[in-house]
Each structure stands twice: as structure tokens, then as C-alpha cells.
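Each in C-alpha cells, the structures are laid out below.
Each of the next two complexes has subunit A plus one more chain, namely subunit B in the first and subunit C in the second.
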Partner chain A sequence: MPLTSEEVKEIRKILGREPTTEELAMFEAQWSEHCSYKSSKLLLKFLPTKGKHVIIGPGRDAPAVKVFKDWIVVFKIESHNHPSAVDPYNGAATGIGGIVRDILSLGAKPVALLDMLYMGNTRNPHANWLIRGIVKGISDYGNRIGIPTVAGDTWFDEVFNVQPLVNVACVGIAKSNDIILSSPQPGDLIILMGNATGRDGLLGSSFASKPLSEDVDKDIGAVQVGDPLTEKLLIDAIQILVAKKAVRYIKDLGGGGLTTALCETAADHGLGAVINLEKLHTRQHLTPLEILVSESQERMLIVVDESKLELVDEVLSKLDVQYSVIGYFTNDGLIKIFYNGAKVAEVPSKELAKPRPIRRASIPPLEALKGLKPFYQLPPEPDYREAIIKLISSPNIASKRWIYEQYDHEVGVRTVVKPGFGDAAVLRFLDNSLRGIAVKGDANPRYTALDPFNGAANAVGECFRNLVAVGSKPIAIVDELNAGNPEKPDHFWYFEMMLKGVAWMAEELRVPVVGGKVSFYNEDHMGRQIKPTTTIVGVGRVEDVSRVMTMEFKEHSSLVAIVGVTYPELGGSEYLYRVFGLEEGEIPKPRPASELRNAKFIRRVIRLGYAKAVHDISLGGLAIALIEMAVAGRIGVEVDISKVYTRGVQRLDEVIFSETQARYVVEIDSRYVDDFKHLAERMGVNISIIGRVADSNQIVFSFGPNNLVNLDLFTVVDIYNSILEKEVEGEV
Partner chain B sequence: MSETSLHFVEVVITNKKGVKDPEGDTIHKHLILRKGYAEVLGVRTGKYILFSVNARSAEEAVKKVKEICEKLRIYNPIIHDIEVRISA
Partner chain C sequence: MYKDFSLNDWDALIIPGGFSYGDWLRAGAIAARTQAIEKLKDAKDMHIPILGICNGFQILVEGELLPGALLPNENSKFVCRWIKTYVEKPRGPWLSLVEEKQEIDMPVAHAEGRYYVDEETYRSSLLKSPIVRYAPGHNPNGSIYDIAGVGSEDGLILGLMPHPERSSEDILAPRGFRANGKILFESLAHSLKKGW
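On to the complex of A and B.
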């Protein structure tokens, strides 16, 4: 997105003269939405970012939270939506590269990746090509740098056919005293390490800050190719430099390239810098302007005290990592760029780094009324067996093994719970203790498209529940807000509401939002926005990984309970969409007080050993939660729907497919049923015992004496496990 | 209808000239230069595919293969160059 004429005027005012072309390019890169957050900055102040665990909140490349006294977790989310729409393989791969470097910038060791993918209809040829490329790009890059992809979230919807959402997160760990908290000082050397700078990715952030043009071919300059081998060397080099205490500060070169890395580092510490561009190692002959805004991947900026230069040289040379000393920091607040002795730019770092925030117009479109519509007249009740089959055949619900089997999810032997068996992934620290962390990412694009405030709040709620269901205590979250064009008031309204929804729910659930990312301009060439989507990634503390809870039913004769009250909340449900093609209605309400109460109960039930399996109820409602537990455990289940504790319900589908929040299914060890009931009573939690794990291969739903649905477990397993692969391979 | 015969069509896919090729760079830097072949100034890699096609003419076979590569997205026109030729 080129600078507007007002912005150029403002730049003239800042400099007090006509800017040089290099200066204009620097401002264009840094003042892009992607780098400067100019449209979102004012609203981001709504987010609760503080808490006793928070060591570093928003503002740095990545936030850090203290999970145990001696362990810090660094985690962050990033979007690579625009690059992935043009070149799915490299776009997704370089997204992984970027988020990993963000984690490195605090000196943490990256140990896990998550990918949250919101992609098009598998049967649309273009969307199908994007899906394959994105998944392959992530798996190749992740596998080659040796970091397992442990969890994620996937959604398929026509609306993402042309513009998919590729949200990736990385989790790193560091010992409390190894994390890099020091600041650059005047006189410190500025070193660029890693890949040689090339012409690739010129003004890529500027490219991400405008809608997809019809002729994407013209954007060739913005394409970046991932280089996992160099990334792996960077990871190793940073670990060694940190261990040797050789660096003062680290920053990733991502969007905005050298310009952004320099001016943000300088501005954050009240510094200036002197840079000699000709010192930088480049792949080809580049002009000063190209060097300043190139977004070549796998590069990092490190700040080193002069006395440590020899040590740094030793480490980097040994690992064969290229580097150049390109300049030093000063205390005058001015970034001075030289090329072969000639000054090409002189810009105050603060003004460059932080453009004036813009309060964008925000107006709800008429379409937003869809999310307010109560269901006073539902379509006639369907055949329930058929409806359930339709739901387990939904690629949004069916097993994602086609995706995660392409990923190495066990490198590093940290993974305790494998994909498909837990609501969240659980990783151990490998420090001879049983401590660990749980991580999970969630979103529901349909919810946020119908009701952005409540939908975003529900994403926080779901992430919270997933962390609780494995027995962890949620510590903090990061958010990624994927929205349309901020210059259009009816797009911006969705962004504003999503942000306020996250802020409200995070505050209520007492999980700080320690960092995040905003992605605007997610619209197609016709100017239609994607479904605005809020992705939440959360981290929880696990005291004892040997007692982590999984979701598969384990033993016949155990009882099955539902925790929480079920309301007739079918608006925006997967059921209404898959069975009737409806995408409307009031979505389930976020219920923070119930979430907190029920979460406390679930954690206690797990700790006391009453539970054998726990699963949160989300997409597809109770029916799907039960089926997923049976499928994972390869064991049948029999439940009586009439026993479910409900309020205001008039029809059966409102019980079994409602997506009411704050609910869990628990398999109770038969020895502890009475203890379970007493505990629920004492804690004021609504529970209903609805059936038992069955010594059969049948999934049976009845209503009192009447049999409603009878499904053969292995038929269900077959559909659930194979449908996504068939959809992608075109065999349906 | 005229007779068809078997044609061998080669497809070579490489990253466009301005686009980085990490694999080629790695072979160049970490293998070739390390072994002392300083006269090698650069290495580019790519993908080679050989199609055996029944067609009435060589031109038709090439045309068909081009169409397949486009339609089935065997390459990404945005980052790749493609060369389609009859195998000699």
C-alpha cells in the first residue's frame, strides 16, 4: 500500500525537507499496516496484558510468561495469509520461519509449532491446490528445522477459496536466567546474520497491507522462498550465542526487513544508529533502497558489545553462518544510513517506527443482523442418524490426520499427548521433572462472522476449555485477528468487535493477552472480506505430565457425565450448516462465570483421579463430543438424552447439537461416581450422568425408553478417519 | 482420424530467475565450493518430469503437457519458470 498524500505531507514535516527516495521507501515499509498497526493500535489498548506470570507483554517480537519458577515460555502467533494466497507452499513455509525467529529473539529454544488453517472448499480446484501447498509447506519446513507441529485447528469454507488464513504459532522455552532481557546501548555493534539479502520480498509488508490484486503475477517481488537449512543454523547459532552471553539484544528481520528491525530497536530504547549498507552481504548487486526494504527470509539482527565481537565471529564462523557488522547504535535518536560514504537517509527513529495511530470509522453492516436473529422457527427435525453421519463427514469435524500425519509431531520426544487424543497438546520440559505445558489454538470463523464480539469471546473460551480438559491451568493467550479492509467501516466494525470480545473474555477468565497480531486486507479482488476470524493460542501449566487427561473413552462400565447446562443454542452451529445449509442466528453466548466454575471443577476431578477421560463440547455439540471420545477409544457408548440437564429446550436437536459453551463430557471411574456427584454439588456445578461406556461396538443415543440412533462404531471410525483425505484427494 | 504415436515430453521446472533457490545455494556453498571447485559460480536446481504421451504429433503432445501442467498446477506460474520440450 503506497503512502497517502497526507502521510507524505507528514513525512515532510518530520524531516523538515523533501524526503529522499530511500527515506520514502523506509516510511512506506514501516508505516504499512502490517508493521505499524496504525489502524489497530488505539483499540489494542483494550486488551488485558498484565498478570503475575507476565515477564514481557506485547511490544517485543514475542511475549514471555513465567510458567514455573525456573521456566519461562515464549510464544507468539503470526499470520501469513497474503503470501500463502499467492504461493501456498513458500508462503506457509516462510510463515513458520518467521514465527520461529520471533521466539529466538528472546533467546528461547523453540520446541513446538501450531498451525491454525482456515482454507477453502476442498472440492474447489484452486482452493484444493492452496490446501495441499499450505500443508506441505508447513510440514516440509517444520520437519526440516526439527520442530514438531503438535496442535492446530482447521476449517474449510468457500469464503477462503481465494484468500486462505494461515495462522502459525511457535512455543519456546527458556530457563529463567537465560532469557535475554537486556537493552542495546549506544556504541553497540549492529550485526546482520543469516541469509544474504536479495531482491526477494521487496516491500512484502506493503503487499500484505492491501487487497489481493486480480493479477497477482505482478506481485512477484513480494514472493519469498523458505530456506529451512539456514533457519536451522540460525536456531543453533542463537542458542550458542545466548549460552555464551555474547549478545545484548536480538531482533527478527521479518515484515519491513532491515528498516523495521532497525527503527523499532532504536525507537524502543531511545537510540539512533549509523549504518553502512555496503557492508552487508548480499546475493546480488542491490541498490540502497532495495537493501533497506528487502524481506529476504532467515535473517536476524543481533546487537553485540564490541568486546564480544571476537566470540561472535568464532561461533558464527564455526557454524558457517554468514554475518556482517553493518553499523552501531548512537544516542542521538537518528537513523543515519550511508552507502559507500554517501548519506542516503537520516530519519528520527521514533517518528519512523511509530506513525500516528488512526481511529478508523466503524459501522455495522446490515448483514450483522443475521447474528441477532433468534430461531423462532427451526426446519423440521431431521433423521438423526443421517444428521450425525453428515456431521462426522464434515471436514471441519472429521479427523485431521491427513494433515497431521504429514507433520513430524514427535521430534524431540517432548510430546506427551499425541494429536487426536487430547483437547490440547502437552509437552514436557525434559528436565528430569514431570512438569510440562499444554498448548492449543482455536477459532470458529462462522461464529465471528455472525457475531464478532461473542464469536471472538467464544474462541477465548474454547481455548481455555481445551487447556483445562487436559488438566492444565491456563496461564496466558495470544490472539490473531484476521479481518477485512480497515478503510471500509463495515469491515472495520468486525475487527473492532472481535478485539473487544477477546479483551472482555480474557479479562473475565483472567488470562492475559500477552501478544498477538493483526492481519487486515483479507479480501478477494471483488472487495469481499473473508469471514473475519479470531484465532486464539493459549498456554497452560501442567504440574505432572503423567497425570495428563486425554479424551478417549477407556473402560466399559465407566459412567458418562456432561458438565454444564445445555441451552438451545443452535445459531451458527455446524449442525444447522451441514444439515440445513443455514448460517445464521444467535450464536452460543460466552459464559465466563460458568467457564471458571466448571474449569475449577474439571481440574479438581482430574487431580482427584475421578475422571478417566475429559473432552470439551464444541463444534457439533454433545453428539460429536461423545462420538469423538468413542472413536478415539475404539469403544462404544450408550447415553440417554432425556437425562441431559437443559434449560429452555424444546426439541431433541437442541440438546444433542447445541454448541452451548462451558460444557465438558467426562468419563467417570465407576468407583468414584458418588464422590464426583458430591464434589459437583459442593462446588455448585451442574452435572448430569447420561450413560455409560459400553462393552460393545455400538454408539447408542436413546430418549428414555425410545432408541434414537444406533451407530456401528467401526463404520463411524472409518468415516471419521478417512473423509478429509478423500475430500482432498477428490474421491468423494 | 490420423494415427497417434508415443511422444516423450520433458518438463523442467525451476524457480524464476529472480527467485531464490535455497537447494541450489546449499549444493553450491556447502558441497561444491567446499570441495574446491571455485570456478563454479552458481548452482540452480529444479524438477524434471518425463511424460509419455500418445498424440498425433509432437506439437500436440507438447501442447497437451503444457495444458496439464497449467490446469493441474504442477507448477506455480507465479514463482516458477517452466520448459516443456520433446525429449531428444
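On to the complex of A and C.
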């Protein structure tokens, strides 16, 4: 977004004179929505960010939480929606590059990537091109830097045909005393290391802070190009520099380029800086303005005490990493930029870094009424077998193999629970202990589009359940709020409600929101916003990775139980959409009290060894949860739907397809059925034993004596595993 | 560090997976022309056992220490999944504890792993050498003759696309697979002590 005339007026006031063109470019980059959070800042304070595990909350490049006494986890989420809409391959790839460097800035070792992709209809040619490009971009970049992509979330929906959402997250680990918590001091040298600066991504953040133009190709110059080999060298170099205690402070050059890195570092520590731009290594001849706002990738700013320069040189030279000493910090709070001796800019760091927040109007649109409509009259119940086949053929539900097999999800030998086997990925620390972490990312664009408050709360709930289902204890989350145009009150309302939904649910579930990102202007050139989407990534603590829980049914003597109460909550469900084409109605209510109680029960059941498999119930309801467990285990299941504990339910489809929150399916070791029941009773948890894992290749749903659905397991396996590939590769 | 690698320090060499030089040009092509790889040829003459895994295999093939070529996967996509293999004519330090037709489960993770060799070389030399083959239905990339890995005739040099090091601990094997890739490293340890 170019600066508004009020903003230019304000800049004149700050400087007390006419700004130079360089200064204007710096303000444009830093005051963009992407870098400054000016529209969201006033609301972000509602998020609960504190907790006993939180070492660093929002504010730095990435937050840090103490997961064990001696281990810190650094994790963060980032969006690359706009670049990916123009150049899906490079847009998605550089999203990975950027989020990895955020993790490096605290000195942590990146050990896992997650990608949460909300993309268009596979059969729309443009959307299909975007889907392939995005997945290939992440695959090529992530695989080449040797960090496994272990988990994520995927959704296909026509609203994302032109403007997809590409949310990526990185998880890093650091020993408690290795993390970089020191501050830059006046006199410290400012070094830029990594890639040579070029003309790519000029004012990319500013481009990302406005709607897509009709001819997206003309924005191609604002998209950065990735170089994973240099990124890998940066990762190695930072690990060595940190181990040798050679650096005082590290900052990623991301959105806003050098300008943002400089002014944020200076402003956060009450410093100024003197910079000589001609010292910087560049790819071609660049003007000072271009150097200041280029968003060339794979660059990092390190702050070094002069006495450590020799050591830094030794490390970087050995690894063939280019660097330039471009200036030093001062204590006058002014950023002074020189080019060949001539001063091209002089701005106070604080005023540049933090523009005045804007209070945006927020008005719910009429369309929001769709999410308030209770279903008095549902369409007549369909043939269940057909409905189930339609659901497992939904690319939102079917196996994401086509995507995750393109990612090396095992490099580093930490991945204990792999994609397709558990509700969350589990990684070990590899420190001769059995400790580890669980990670997962979740969203449901349909929920947040119908009811942004409850939908966002449900995203927090689902992430929480996924972490619990593998047996971990949720520690903290980060959020990515993808919204429309903040200048439009009816778009901004969705953002406000989503943020408050996250804040409320996180507080209820006692998981702090330690960081996050806001992405605005996700609308097409007609001004239509995408489905506003809240993406949540969570980290859980795993005491013993040898006892984590996977979701596949394991043994045919086991019983199958559903944990939690089922309500008639079909509004916004995948069932209503796939079978009847309806996207309306009240979405399932967030149920924080039940979430907490049931989660505690599930974790105990896992710890005591009663469970052989656990799976959370989400998209597609109970029917899909059971089928997914059978498919993953290649073993049949027989359940009696009449035994499901329900409240207020009138129809069978409400039992098997409701997406009521706070529920799990558990495979119970037959030896512990009584213990399981007693524990549930003691903890006040509603459970119903509904059937058993069957020594057959059949998936059977009955209602009392009546057989409802009978499916051949291998037919289902075939559809579930292959449909996404067929959809994308065009073989349907 | 690759700049100061000396042969005299090592009993055996393992070139691990990864993306040397970002796979630019062609997987392994640039690495196979660096100084360190030139030294592998000296290692071969000194009878030092060499194992190339994934990118390591690609480098050995590019460096002409093993026959054949590794082409982009049939579907032109990266593939990461667990597969089953079996070994024929186990021989040499890396396979000394492996029995004929023994099954080994391992994950693959590569974009350029489709092995190709012309029929004449296959008949004249490969059939006399150790071969690791994908089990029926497990060929992930379209390799000719289901070849996952090949050795030199004496088995001193072995290259394979699957990752035995990722299949060396039970905790890493998903349901339906065994983590028995460790046998390559156990074979080496055994062989270095007792010969092969």
C-alpha cells in the first residue's frame, strides 16, 4: 500500500522537513500493514501471551517456550499468500526460507516445518496450477535445506482459486543456555550475511499490503526468488556462530528488507545506527533506495562486538558465506544512511519502526447471518453409503499423501509419528532421552467464514485435541489470521471476531498465544474477500516418545469407544457441503470445559496403557474418524450407532456426521475395558463403547439390529488414498 | 569439512544423503567434480569400503565409481515413503551379515532415484555384483529391474537410494515395516574387525 497523504504529512512532522525519496521508501516499507501491524495492533493486546513456559512472547522474530527444564522450543507461523498468488513456486518456497530464518534469529536449530495450505478447486485450471506450484515450491526448498516437513493442514475451496493462503510454520529447538537473549550495544558492528542483495522483491511487503491487481503478472517483480543452498549455509553458519558465542543479536531480513531489520532492532533497544550502503555486497549495481527496500532472500543481520569480528570472518569464510560490515549502532536513536559519503536518510528509529496504530471500523455484514441460522428443516436423510463415499472422496478429507510424500518428512531421524499415522507429528530431541514434542497446524475456513468468533475458537480447540490425541500436553500456540481488507468495515469485522475467538479459547484452554502473524488484503481484484481463516499451530510436550499414540486401529480384539457427547451440530459441516451443497448454519459450539476434561482423560488413558489408538473427531464427524482409523490400520470395524451418547439428536445423520467438538475415538485394549470405564466415571467423562475392531475387511455401521452401511475396507482404502492425486493430476 | 578431508583418517567412508550443492544441474553432478570426490577414487584403489546413500549414491554414479545413472523419478516428483527391499548376492563389508534374498525395510526420500543401466552392462557386470531390489509393488520411482542399489563386484563399494540409517531404530519404523537397515552398519563393524 503506498503511503496515504495523512501519513506523508505525519512523516513531515516527524522529520521537521521534506523527506528524501529514500526516506519515503523506508517509511512505505516499514509502515506497510505487513511490517507494522498498524491496523491490528490495538486488538492484538487481547491475546493471552503469558504463561509459566513463556520465555519470549510476541515482539521478536520468533517466540520461545520452555518445554523441558533444559530445552526451549522456538516456533512461529508466517503467511506468504500474496507472493504465492503471483508466483506459486517461488512464493511458497521463500515463505519456507523466511520462517526458517525467524527461528535462526534466536539461535535455535530448525527441526521441523509445517505447511497449512488453503487452495482452490483442483479442477479449476488456474487453481490447479497454483496447487502444484505451491507444493513443489515447499518440497524443493524444504527438502534441500534438510528440514523435515512433518505436518500441516490442507483445504480446497473455490474462494481460494485466485488468492490461496500459504501459511508455513517452523519449529526449532535450543538448549536453555544456548538461546540468544542478549541485546545489541552502541558501537557493535552491523553485519549483513548471506545472499547478495538484488532487485527482487522490491517493496514486497507493500505489495502484500494491498489487494491483488487484475493483472497479477505485473506484480511479479515484487516476488522474491529462493536459493535453498545459501539458506542451508546460513543455517549451518548460525549454528556455529551461536555455539562459539560470536554474535550478540540476530535478525532476519524478511518483509521490509534492510529497512525493517535495522529500524526494528534499533528501536527495540533504544539505539540508532550509522550505515554505509556502498559496503554491502550486491548482485548488480543498485541505487541506495533499492538497497534499502530490496527483499532479496537468504540474508540475515548479525550484531557483533568488534572483538569477535575475526572469529566471525573465520567461520563465514570457511563456509563460503558472503558478508559485509555495513555499519554500527549508536546511542542517539537516529538511523543515518550514507551512500559513498553522502547522507541519503536520517530518521528516528522509534518513529520509523512503530507507526501510530489505526483504529479500524468494524461492522458485521449481512452475510454473517448465514452462521446464525439454526437448521429447523434439514434436507431429507440421504443414502448413508453414498454420503460416506462422497465424504471420503472430498479432497478436504481424503489422504494428503500426494502432498506429504513430496516432502522429506524424515530427514534428521527425529520424526517418530509421521504424516498419515497420527493426529499430530511427534519429534524426538535425540539427546539420549525419550523426550520430544508434538506439533500440528489446523484451520477450518468454512467455520471462520460462517462464524469468525466460534470458528477461530474451534481452530484452537482442534489443534489442542490433535496434540492431546498423540499423548502430548499442549504448551503454547501461535496464530495466523488471514483476513480481507482492513479498510472495509465488513472485512475488518471478521478479523476482529477471529482474534477475539482465539483469545477467548486460548485463555479457556490455558495455552498462551505466544506469537503470530496477521495477513490482510486477501481479496481478489473484484474486492471479494477469501474465506477469512484462522490458522493455529501448537506445540505439545512429550515425556516419552516410545509411548506416543497413533491413530490406526491395531488389533481385532479391541473395543471401540467414543469419548464426549454428540450434539446435533451439522451447521457448516463437510457433510452438508459435500452431500447437499450447503454452507450455512450454526457451526459446532466451542466447548472449552469439555475439551479440558476430555483431554485430561485421554492423556491419562494413554499413559496408563489402556488405549491402542486415539483419533480426534473433526471434519466429517464420527463416521470419518472411524473410517480413517480403519484405513490407516488396514483392519475392519463394526459399530452400533445406537450406542453413541447424544443429546438433542433427532436424526441419524446428526449422530454420524456432526462435527461436535471435544470428542475422540479410542481403541481400547480389551484387557482394560473395565479400567477404562471406571476411570471415565471417576473423571466425569461421557464415554460410550460403540463396537469393536473386526477381524474382517468390512466397515460396518448398524443401528441396533439394523444394518446401516456396509463398506469394503479396501475399496475405501483405494478411494481415500488416491483421490487427491487423481483430482490434482486430472484423472477423475 | 569438505575443504580439509584426508583419506588417512578413515577405515571406511559413508557419503550420506542430502542435497549437495542444492542438486543444481543434476543430483550429485557438482559434488562428483569436487576435490573430495576425486579422493574417493584413491580410496577405491586403497580398498577402503565406500557406502553412498541417496545423494551419496548419486555422487558415486556421477563419479563413475558405480555403473548406471539415476534419472528423475517416473512421475517427476520427490517421493518420501517406506518401502521393502531384498538383497541379491550379498558380498563385501557392507553386506557381510546379510543373507541371500534377505528383506530390508527402509524409507526412500528422493526426486532423482530412477536407476537406469543398459542391458549389456546389466548382464555382463551387474548380475555378478550385489544388488538391492525393491520388493514387488514397492518400486517408488520406476527404476529399471526394480534396482534400489548396486555394489561393485567385490562389494567394497555400495550405493543405494533408500536410507538404512533412517531404519536403524525400532521407534522410527511405521506400522507394517521393520527397522532393519541397521544391518549394513553392523556388517561394516563386523567386517572391519573380522574381515569379509
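Here is the rule we use: the second predicted complex is superposed on the first by the 732 of 732 C-alpha atoms of A that agree within 3 Å, B and C clash if a C-alpha of one lies under 4 Å from a C-alpha of the other, contacts with A are read in each partner's own complex, and residues count from 1 in each chain.
Simple rule for what comes next: contacts are C-beta pairs under 8 Å (C-beta built on N, C-alpha and C of every residue); 3 or more make two chains touch, one makes a residue touch a chain.
Just so you know, these numbers come straight off a predicted model, no measurement behind them.
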item: Fit-or-clash call for subunit B and subunit C when the two complexes are aligned on subunit A; value: fit
item: First (subunit B), second (subunit C), both or neither touched by A:Gly371; value: neither
item: Touching partner for A:Leu229 - first (subunit B), second (subunit C), both, neither; value: both
item: First (subunit B), second (subunit C), both or neither touched by A:Gly585; value: neither
item: Winner by number of subunit A residues touched, once subunit B and subunit C are compared; value: C
item: Subunit B versus subunit C as contact partner of A:Val86, first or second or both or neither; value: first
item: Partner chain in contact with A:Gly107 - subunit B first, subunit C second, else both or neither; value: neither
item: First, second, both or neither for A:Gly564, with subunit B first and subunit C second; value: neither
item: Subunit C versus subunit B - closest C-alpha approach in the superposed model, Å; value: 6
item: Doubly contacted residues of subunit A, that is, touched by subunit B and again by subunit C; value: 227-229
item: Residues of subunit A defined as touching subunit C within the complex; value: 136, 139-140, 143-144, 146, 227-229, 232, 318, 404-411, 413, 415-416, 418, 421, 428, 545-546, 550, 552, 554, 632-634
item: Residue ranges of subunit B touching subunit A (in the complex, touch as defined); value: 15-16, 18-22, 25-26, 30, 73, 76-79
item: Of subunit C, residues touching subunit A in the complex; value: 1, 3, 17-19, 21-24, 77-81, 107, 109, 111, 163, 165-166, 169, 171-172, 174-176
item: Complex interface listing, subunit A residues touching subunit B; value: 86-87, 89-90, 125, 129, 133, 198-200, 216-217, 219-221, 223-230, 283, 296, 320
